[in-house]
Amino acid sequence: MLIIMDKTASDEQIEVVEDKIRSMGWTPHEIPGSLRIAIGITGNKGAVDPSLFSNLTGVVECIPVSKPYKLVSRDVKPEDTILNLSNATIGGKDLVLMAGPCSVESRSQIMEVAEFVKSQGAQVLRGGAYKPRTSPYSFQGLKEEGLKYLREAADKFDMSVVTELKDTETVELVSEYADMLQIGARNMHNFSLLEAVGRTNKPVLLKRGLAATIEEWLMAAEYIASQGNYNIALCERGIRTFETYTRNTLDLNAVPMVKQLSHLPIIVDPSHGTGSWELVTPMALAAVAAGADGLLIEVHPHPEKALSDGKQSLRPETFAELVDRLKKIVPACRRNFN
Amino acid sequence: MLIIMDKTASDEQIEVVEDKIRSMGWTPHEIPGSLRIAIGITGNKGAVDPSLFSNLTGVVECIPVSKPYKLVSRDVKPEDTILNLSNATIGGKDLVLMAGPCSVESRSQIMEVAEFVKSQGAQVLRGGAYKPRTSPYSFQGLKEEGLKYLREAADKFDMSVVTELKDTETVELVSEYADMLQIGARNMHNFSLLEAVGRTNKPVLLKRGLAATIEEWLMAAEYIASQGNYNIALCERGIRTFETYTRNTLDLNAVPMVKQLSHLPIIVDPSHGTGSWELVTPMALAAVAAGADGLLIEVHPHPEKALSDGKQSLRPETFAELVDRLKKIVPACRRNFN
Amino acid sequence: MLIIMDKTASDEQIEVVEDKIRSMGWTPHEIPGSLRIAIGITGNKGAVDPSLFSNLTGVVECIPVSKPYKLVSRDVKPEDTILNLSNATIGGKDLVLMAGPCSVESRSQIMEVAEFVKSQGAQVLRGGAYKPRTSPYSFQGLKEEGLKYLREAADKFDMSVVTELKDTETVELVSEYADMLQIGARNMHNFSLLEAVGRTNKPVLLKRGLAATIEEWLMAAEYIASQGNYNIALCERGIRTFETYTRNTLDLNAVPMVKQLSHLPIIVDPSHGTGSWELVTPMALAAVAAGADGLLIEVHPHPEKALSDGKQSLRPETFAELVDRLKKIVPACRRNFN
Amino acid sequence: MLIIMDKTASDEQIEVVEDKIRSMGWTPHEIPGSLRIAIGITGNKGAVDPSLFSNLTGVVECIPVSKPYKLVSRDVKPEDTILNLSNATIGGKDLVLMAGPCSVESRSQIMEVAEFVKSQGAQVLRGGAYKPRTSPYSFQGLKEEGLKYLREAADKFDMSVVTELKDTETVELVSEYADMLQIGARNMHNFSLLEAVGRTNKPVLLKRGLAATIEEWLMAAEYIASQGNYNIALCERGIRTFETYTRNTLDLNAVPMVKQLSHLPIIVDPSHGTGSWELVTPMALAAVAAGADGLLIEVHPHPEKALSDGKQSLRPETFAELVDRLKKIVPACRRNFN
């Protein structure tokens, strides 16, 4: 159930509604919106009787919500959510470009990449300091040292930082350094971690799990929102199918589908999504045409020496070509780029 | 093994090479190409010794081909294949737009749709006369009557016709009416049908099977080519995955991947690929950005009354909006559209 | 809609009901059953009004059938269907064992295998004479020559023959030699072939498609039954998933699920289902425990020399061990074996 | 690389080998085994030169291990691992039966279930106290209260307890109450949690992720083993495929495949694996026939009132029938049951 308040409803009128919700043993959620003031109800079992609220002063409408996700649903908030980072906005008219290496490998590596991708128009610097790896014997990241390098590079070149959290233990530390907290695909169903980032007010980049349906992905976002943090961007990064020529099957269908179902912005990661650098540029362009709000691209000065995921990283010159092509396609898709 | 002949090689020199191939118990395939004259060898078990051919007069090079598909591989023919239909070319600089209803339902329906989609820039008229359906009790198409209506509509509005073949029995009849023979997804592994269309010289639109890997799809094209028909366009129409919000998962990754592996053109069908008309326009635009040579779009004047697949058909006005958006995006993707 | 007639209903009473069905433009299907005489209706759009039939003499009950498959559904025929082959029954108390090579390669090969598998208790001889292959350059089978060898071997050792049909063109020829017609996984959606075998009265072994849901598989059986042939056994042979350690994922869950939904018998093929001979014996035993009515097992005297699928074929001695284990497990599963 | 020491090798000789490994910057792992003393090497990049170790005193053999998992591989330890719980062994001749409700809902519920399943032969009591749920608004478990009830019930009826850990924060608390720590499917790639349980010496039940390949699952086990805890049992619980009639596709092929690749025991959970109580009994029997070391079964006195997963829970009387059938099948599968 979603209760829509009159634009001119007073704080007191809102308080009356929320008290009534609490008195039923449920939880009210004030949902920020420029068009209208709305209050979501969660914790109810079964349908909520609209007559409980419809005659309270200031209440315009009571809308039943049948989808399992509520706070992240477009029913609840029709207008797009826009995230504001220090050097970028996500979800508005501008396409956001996030770029950088898979892993932070050294101070010089990240400084070199940051300078280059910034010069090409990237506003957000990506790079893994904590790397969840399939093998316990693989490189696991530079950890706090990596975070420091990321921050230094971003500050020097006026960029924002997005980087992955591996677990609840590191939420606090990573939050000190990063502007945006990334939840990796393998952690999309780590509910304790979702709740932990939900209790911060940091923007979150929530990757889709390898076998997660769109509904489960939105439910994972709902976990974060249910803790009070609405600063969420979704990130499509490929799902697991029977096809083996590509590492994953980047599911661009999810882009317009998510736009229809949710007010949250959606970013596409064609590097993990395809696993092959030759496919990154065409799939990045396709993502923009499908309506994505931004791109997350792996760039490495020397992919053949990368400590992780070299095969899917763009070289600087290939990244520059991608940017050239974006400059033509983005305006044709009714967006701005730089 | 692929034997590259000198541009100036005489017919006699080519004949000597082919005779030698036959004398080994193998089959020579002359592969049409503007850049070079090539002869593929099939039927060999294990590797072919290049020294058998390298010193014959007119032979420039002997290239081993390790992929299981040979005739359709880009190794064998580096330049793009272009199909010429009476009113369209497929695979060149121009984006081809194929549109029409899922099924031909009546003469007036197909005339109305043809006139409209032609006015919007479609060059090829689609429509099913033989409908392979999951249920034996569903509408199975108007059969020959439907073919006649299709032909009449196409002739009236200067369009070419693509329509589906259900089985080997109907190859001849459908070939009389259609300009391009469509092999549906459920028939992609119907090897007898592949061979039958391979023995015609009609252009073929080969849809990807629901669970077919890209390799298997190219092998299906190889079946057609192995019978001498190289006029093949591939059509990505969605694969089957665990996701249920979309009817299929349209796999746009296949577009740049096929372009890399094969010289054949590739068309994208976002109607079947997504199963939902709201997703057709964004995914059509994304397909173009990913590098597709054309689009296959279902359009119905009254989707709510369609005898099949109404949910995924565009209304005329929505199709017109798609065309408007294509006019902006296609040139930004280095292609021409009308 | 399913109309249940009284046990003692006369032929005349049945005729009255069927005439009424025809008068509505629908098709009646008499469904053989020992417990009750039933008449299915197909061809109707929307629900059928039971009052049309409920007061006709001899009619006991009118049951609405909501599943998309009707004739093959257990709602329509509660008791198990039993197929009678010359040397075996399928679907009754006895476990049926079908064994033989993937392909018939020579007269001596098939004679040797037949003698051996018969000595171990197999009642049905399998072997491919027409081989649908992914590559046009792979061995495609001995064709009619292979059929002759199969028939000769089966006759000599008192076995029945099951062998695959590749297309509609060969239905008649294969029917002359075989006791049971196999529809391969890649042909499960070849509707023309389904209808063609539906017009014979030969028992059919219908393999599940690589990406076919259980519902689609039952609908494919419905295609056969809708033409009047109810002699159908289903065959689970593995579905396509993301797992690559096994060639396919043998889906034994389908066994009890099919038993619940349909009256048709179900056979399991662990050779194709797993693609690895080491897994054949444990999965064959598991299939029996899950309730399968029979097993289809590839046996080759020299798997390393097999022209197809050697990796998944059992050697004679391994097949003998499987039979030893079956002798213990089958009775513990409330079935008979030899 | 795996270094096999002579049975009679002294502690000193072993120490010399391990020091040499450390001097190369790698990590030695002593691998417990009754047949031979082995030392695994991890942390190496590229192949290890056997001549570094082969002439040290006490070294019998140096075996290269090419699989990405080492410590859990059967190459490294040919004999089966057997876990010893207070009231059960897992991996030996005896089939272990783990049963109980999906969630612990109340003291009386768990006492009632425990008494019943124990009377039927279950040695291990299952029940969730911390429930990872797709929706933040679903019942999340009784938490520590639930653990207390589980412990009390298990103690009263001489059973061992297996229960799920939701996150690293609760490892210590759950370890106080449980005999075996369960890692749920959605946490299989929660590497921090894997390492945390690897640092305890508690037996671990590691469920397969919904989209995890067998290789990734064994790598997750390797994460636990790499921290020194070898007390691991794997649990197959169904993978995600396109099939929707079953909640998941229980992949029994994994049972013999894991047995071939690894020395770890494997348990099968047909309740989650199928999602439907009617399929639990046949798939449980099939699991035993495929070679599983044990079963994990959901039992609820009143499934229609269950707070989670009622649809897949057996009623007491159905569980009793399953046990009756197990008593016949288990001995036919060369195992003991009670």
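Each chain gets a letter, A, B, C and D, in the order it is written, and its residues are counted from 1.
In the analysis below, a contact is a pair of C-beta atoms (placed from the backbone, for glycine too) under 8 Å apart; a residue touches a chain by one contact, two chains touch by 3 or more.
Keep in mind that what you see is a predicted model, and the values were worked out from it rather than measured.
With contact taken as defined at the outset, chain C and chain D are each touched by A, B. Most remote from chain D, judged by the distance between CA-atom centroids, is B. With each centre defined as the average position of its C-alpha atoms, the distance from chain B to chain C rounds to 34 Å. One finds 49 Å separating the Cα centroids of chain B and chain D.
In chain B, 211, 240-242, 244 are the positions where the chain touches two or more neighbouring chains simultaneously. Across the complex, chain D meets chain B through its residues 240-242, 244. Of all residues in chain A, only 42-43, 68, 132-137, 166-169, 186-187, 189-193, 195, 209-211, 216, 219, 222-223, 226, 240 touch chain D in the complex they form. Contact residues of chain A toward chain B in the complex are 211, 213-215, 239, 241-246, 249-253, 255-257, 260, 273-274, 278-279, 282-283, 285-291, 328-329, 331-333.
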